[in-house]
Amino acid sequence: MLQINNVSKTFGGLKAVNDVSMEMRPQEIIGLIGPNGAGKTTLTNLICGFHSVDQGHIILNDQDITNKGADFTSKQGLTRTFQVEKSFKDLTALDNIIIGVLMHEQNVNVAKEKAEAIANKFDLYKQKTVLARNLTIQSRKLLEFARAYATNPKVIILDEVMAGLTSKEIDEQLELIQEIASEGTAFLVIEHIMHVIMSISQRIIVLQEGKKIAEGTPQDISSDPVVIEAYLGKGDEA
Amino acid sequence: MGTFFQTITNGILIGGVYAVVATGLTLIFGVLNVANFAQGEFMMLGMYVTLFLSRGLGVDPYLLTFLVAVIFIAFGYLVEKFLIHQTLSKPHETQMLLTLGLAIFFRSLMMVICGPNYQSLAVPYRLKSLLIGGVLLSYPRLLSFLVAVVLIILLWLFLNYTELGRAIRASSQNSKAATLMGINSNWMYGIAFSIGIMLAAVGGLTLVPFYYVFPDVGVYFGLIAFVVVVLGGLGDVLGAIVSALLIGIIESVTAQYVALDLSHLGVFLVFILVLVFRPQGLLRGRRSS
Amino acid sequence: MSLFEVCNLSAGYGDLTIVWDASFSIDDNEIVVLLGSNGAGKTTLIETIVGLNKVKSGKMIFNGVELQGKDAAAIAEAGITLVPQGRELFAGMSVLENLYLGSYLKGPRSKRADSLEFVFSLFPKLQERSQQKAGSLSGGEQQMLAIGRAIMSDPKLLVLDEPSLGLAPLIVDTVFQSILQVRQEKKISILLVEQNLKKALSVADRGYVVESGRIVLEGNPKELLANEHVKKAYLGA
Amino acid sequence: MTFSKNKPLIPLLLLALAIVMPLIFKHPYLMRVVIMIFYFGVTAYGWDVIGGYAGQVSVGQGMFFAVGAYSVALGYLVSNLTPVVGALIGVIIAMLLALGIGSVVLRLRGPYFTLSTIAACEVVRILLLHFKEATGGPEGLVIPYNGYNLYALHFANDLPYYYIALGLLLVAMYTCYRVSRSKLGYQLAAIRNDEDAAKSVGINLMKSKVKAFMISAAITSLAGAFYVTYDHYIDPFSTCSNEMSVKILLIAVLGGRRSLWGPLIGSLLIIPLMELTNAYLASVRPGAAMLIYAMVLVAVVLYAPDGIASVFKSAGKEQKGDDKLAAN
Amino acid sequence: MSRRTTGLLLALLMIAVLTLSTTSIGAVKNVDVGLLATISGDLSEVGNMGANAVKLAVENINKNGGIKALGGAKINLIVGDTTSDFSQSVLVAQRLVNNNKLSGMLGAGVSGMALAVAPVLEKAKIPFLTAAIADNLTTLGYKYMFQFCPKGSQFGGMQADFLKYLQQKFNLPVDKVAIVYENTAYGQSTAKGIRDLCEKHGFNIVTEEAYPKNFTDAAPLVTKVRAAGATVIFPVSYTTDAALILSTMTAMNYKPVVIGGGAGFIWPEFYRSLGKYAEGVYSVGSWSWDTKFNLSDPEVVEAIKSWEKKYKTFMPEIAGEMYCATYILKEAIELAKSTDATDIRNALTKVKLTKGAGAMMQPGIVEFDEYGWNKHVHPTIIQWQNGVVKTVYPVEDTDNEIVWALK
């Protein structure tokens, strides 16, 4: 469904993303991991059209969406949350979700009804009249997720939505992701709480210095020496 | 051909004044991130102060440069501390509205104090001129240009070769890192603003021997200063100087070869085009980090 | 008493608390490393130490002086200097000017010539490029400059935030080598924040592990490397 | 902003009062002041669409005002068109102008956009001045008043103008309200809050901003069209100028952005304030009136930067928790 | 500011407006006369000169016994600052009309302002005497509009006539003419007159330039005119620009015959800023103080003297005009024997003044035609001589000699 072919991006001489390819199928949940500065966020920016791609192609449902711009990409059904959350702070939680629904809905009143249902699903109903800026950062991340879901997408990229949650909350959220995936939406999840990634992903992709250094099932990845070195570093003494 | 050189010279001479006023504006923008819509009015105040001092003391205005500079450094510092500083943490519209309000305030204040009449200063060399290679250089304009050039060189030396100057540039480039170096940002805001205001005032001073002083005199200069600063890249001192001269020349060439009343049109069109196609300024993106 | 003591420090942005009740200490001439995954709160913690964030509660005592509540400029003056993540150089200014700015304060300014000599001996590359714009340097050179600039301020405690980030392995070695050299020659203490676990522990005297904004573990490098919890925190294995 | 659903009584009462008042108090000067409050209110609502809802601070609204006014004046003088038709033409031209300028300068953010609107307004004025044959140049255009003429909307007293202005004000308010409640309104709110996030929900930034700019231009041009019909005279300096653009901005901002009543409150405050200072101080000392006006402005900016309307806003159901975070 | 304070503030404001609008000042004995002048804003120079003159005239009238036909009633002057923003000026006019029972309205000489306020006065049926020069003021069908000064198009004609006169008298080889004017209503209409007459007289117009008001640099303008080879230049400007142009010409060593277009070229500030370089410059003007008939009329001499005493300069053009306007209105009130505005309007259509300050306009006669224009009036040409403007043309108005100073 989503195909990423040999994508590269250079920032002022630095290869931030270097020849990365990957593929996603409907209902699939894929984990994307890598140390700080490995290019995860840059890669998501490229996929979603926030940065232009230097080389390579991004194909969604047989349509080439390379460098068509983020709004176009979102309309085609590929949307995301942001690492530094970007909820609409001056608007209520419900309004945030309504804006998501309005992507494919003309009637504001209908959108409102749909948004209420989504707020319910994401357990945000009680906070629906609270301005986003008065929510906790965790709720704002969840709100962003809800907003993305509201656009009825084919693929959602989740960038660290679970940071700072309690383990109970994480479990609830994982359940939510799996439920939505089972409805047909694919997920690309960036998360550094390892057991979360390990428990939810069907496949994991590891980036380091802009390159894809490994791809496989969680078991494969956690025993891959290349990955362990990327994470723990090569010490002189140890 | 003589006309052409004369045209270019006219442009460069007035460009010197634009450069001084605009450098002040860009300095303020660079360090405080405030678009000062009252820059032209500070220039106007500088002109009035120069006029009164020169009349009162019977001294040539150019000899008053230092005194006027000191007065406005102090004035600028107070304005920053008591007004601008209160809005620095607010969205930029707030600062814009504040400086707009200050602009109207200063204009009407001078109207109340001095009346609306145009005033001018009779200096002995007002109407003298030099003829060099078929190009006429009006004496006071030449002097004004020279003062502007000297001022800019001094500013450049100050910014590049003194601890304080370096600290100002550092704050303008990366205020977080500057704080880490122990540079007190509140102090920098005050200093940068007062120097910016001083430059506007001295820019006004250089105009006094050949131009008129009236409450609204700063309006066009303030606007031009913005054009210059945007062309040069916000916060970029060197860029401001180059584009000030460029604006002077564009103005003068449009006036000469297209139509006089369209001379500002050329400037504004270039301005919009640059904003859209090279928003980092006409010169190369020197501030990219 | 330690050179620097942090007691029950809490910090964050706005109404959000990110660091909870952190306590740790650094002795004279010691290298201490803070470990932890992305988002654990390490950067918030050290930005609080150098005064870029407000302290919500707790104390920071440096050389017997309480520093909580002081601003960044005052803390720099007290002798704590940060090499920030992402280097934060003055990109449009020359290498030499960046170094000069390191010794902006009166105290370090009087020792500028000596400090400069030391920095150049540490990183000869910087001397070669002293007239070049900082923004035009390579990543490794920029990191050297950031460290050099911090050394210019003649700190008693040098704080480095992820100095190996985005650097090639060979350059990472150089950087860590220089950290050891600085400690040895300047007799100062170093607080290091690192993701590169093995690398960091290879130079450190002691380490703390930060998780979800709390310090959960303390120990010497050997203990930490052997600790199952550390391994789990990093790989989820 | 909300029409409070539970108490629509107050707005209705106010409207009834506005309709009945001039029939009881026949006072031409007061009526003129109120008419001026109305049509400057219209410009402020126009500004609020682009400057408030879309968050793009325009200081070039004077050009749209001028377009509306010139369309009516030229339409009448050249082709003998009734101002009603002239105003519609003006709306179309203003929207086209906004489309042209907007699709170029709305890419810019913050002060860059603001500066480019100033420049655009200057350019339009310079052109109005330059093409004298068409526009009358600096002399401007006069629509002579020669007694009652319904076709030309010339009335011997101001009562009809009062109702026309009131009507325009209601149209502007309603348009603003509709925009804020529409899909476009939500899109603008998204853009204002975060452009990247707006893109992530499929909003085409330029399209939405340009739409807002066009609506803003249309409303503003209506005020201009009314102005020339009412005052019979138009010239470039007093309409297509920085002063006019700043005045429109101030009314909207001081009144309060993104609020149903804000622009009207701003107009209710500024226009009488300017009148009062002018009446009592003008002959005392030139400039004294503007001095007071400037001081009020500075004071409001420093002490009530969100405008007067925000002061009236109740602590509100959604204002839970403290606002410290928003200051960051 | 608390909510209550702000609410209170708003309420107070509205109450103030209400009060302001319903109080009317003035006792029964007085005749209320309004004055509209651009006292603030960028046209304030002309507005203030005019306002000062009207105040002086009212002072003199009241001192000399007021309106005799009404038993010595005093004139009560109500000044309105129209500002230089014409949308504001309409409101100011309306306020003056409303809050007072005006017998007449005087207007200082800014065409845009006069055009803007005219409908208000027409609807209120109050006679309006304006010193504005726009040609169309009296052709728009307004019944209450009285324009007692020359029209803009006459200025150019007078200038061109004068050039012809100079050419013949001094045998000048002047054939290449440049017209430069500020891009305002005043500049535009004056320039049009010059152009028409130059064409009629067969002068060769080598360049015609409009420049933006208050421009920063006259050098491009002068360079352009010089490059065109003009030997005569007709500049039309307010003070700043007038002196800027002339000083730039002097500095650039370019010395054509200068015949200014009034306004800036004849106001005292022009000499103050240029000093001796202003000497010998000609200009057209709506009015000048030293015409033959003025100097022989004691009432006018008194006016001139009292101005000189108060303001330390000769009486400038706009001041003289507004002084005259005040007296024209006074004579009309005497004739009407009433304070009723419509009666006074009807009296104005019948006045024929030949002496006194009401007849200060050249050629010493004031009489309005069916359109409300002072049908005898014509402009004058002055020359700067020893720091003072002296009338030098038309010859029937003056005995002064031209000081030939073509440097």
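Labels for the chains are A, B, C, D and E, by order of writing; each one numbers its residues from 1.
In the analysis below, a contact is a pair of C-beta atoms (placed from the backbone, for glycine too) under 8 Å apart; a residue touches a chain by one contact, two chains touch by 3 or more.
Computed from a predicted model, the values in this text were never measured in an experiment.
Looking at C-alpha means, what's the farthest chain from chain B?
Most distant chain from chain B: A.
Looking at every pair of chains, which two share the most C-beta contact pairs?
D-E
Quick one: point me to the chain whose Cα centre is farthest from that of chain C.
Result for the farthest chain: E.
On a C-alpha centroid basis, what's the spacing between chain A and chain E, in Å?
The answer is 74 Å.
I'd like to verify one number: the distance from the centre of chain A to the centre of chain B, where each centre is the average of its C-alpha atoms, in whole angstrom.
It comes to 49 Å between the two C-alpha centres.
Taking each chain's centre as the mean position of its Cα atoms, how many Å separate chain C from chain E?
Distance between chain centres: 76 Å.
How many angstrom lie between the CA centroids of chain B and chain C, rounded to a whole number?
Chain centres of chain B and chain C, defined by C-alpha means, are spaced 42 Å apart.
Which positions in chain D touch two or more other chains at once?
Residues 126, 129-130, 286-287, 289-290, 321, 325 of chain D touch two or more partner chains.
Give me the residue numbers in chain E that touch at least two other chains, ranges are fine.
Counting only residues that touch two or more other chains, chain E contributes 39-40, 44, 47-48, 183, 210, 212.
Of all the residues in chain B, which ones touch at least 2 other chains?
108, 111, 115-116, 259, 261, 264, 288
Give every residue of chain B touching chain C within the complex, in rising order.
Counting only chain B, the residues touching chain C are 163, 166-167, 169-170, 173-174, 176-185, 286-289.
In the complex, go through chain D and note every residue touching chain B.
Within the complex, chain D touches chain B at residues 57, 104-105, 107-108, 110-112, 114-116, 118-120, 122-123, 126-127, 129-130, 242, 246, 249-250, 253, 285-291, 293-295, 297-298, 301-302, 305, 327.
Which bits of chain A are touching chain C when the two form their complex?
13-14, 35-37, 136-137, 160, 163-164, 192-198, 209, 222, 227-228, 231-238
For the complex, which residues does chain B have touching chain E?
So the residues of chain B in touch with chain E come to 3, 6-7, 10, 13-14, 17, 108, 111, 115-120, 122, 126-129, 131, 136, 138-141, 210-212, 214, 216-217, 220-221, 224, 251-252, 255-256, 259-261, 263-264.
Under the definition above, what is the set of chain E residues touching chain D in their complex?
Checking each residue of chain E against chain D gives 1-3, 6-7, 10, 13-14, 16-18, 20-22, 39-40, 44, 47-48, 79-81, 83-88, 90-92, 94-95, 97-99, 111-112, 115-116, 118-119, 122-124, 134, 136, 140-142, 183-185, 187-189, 210, 212.
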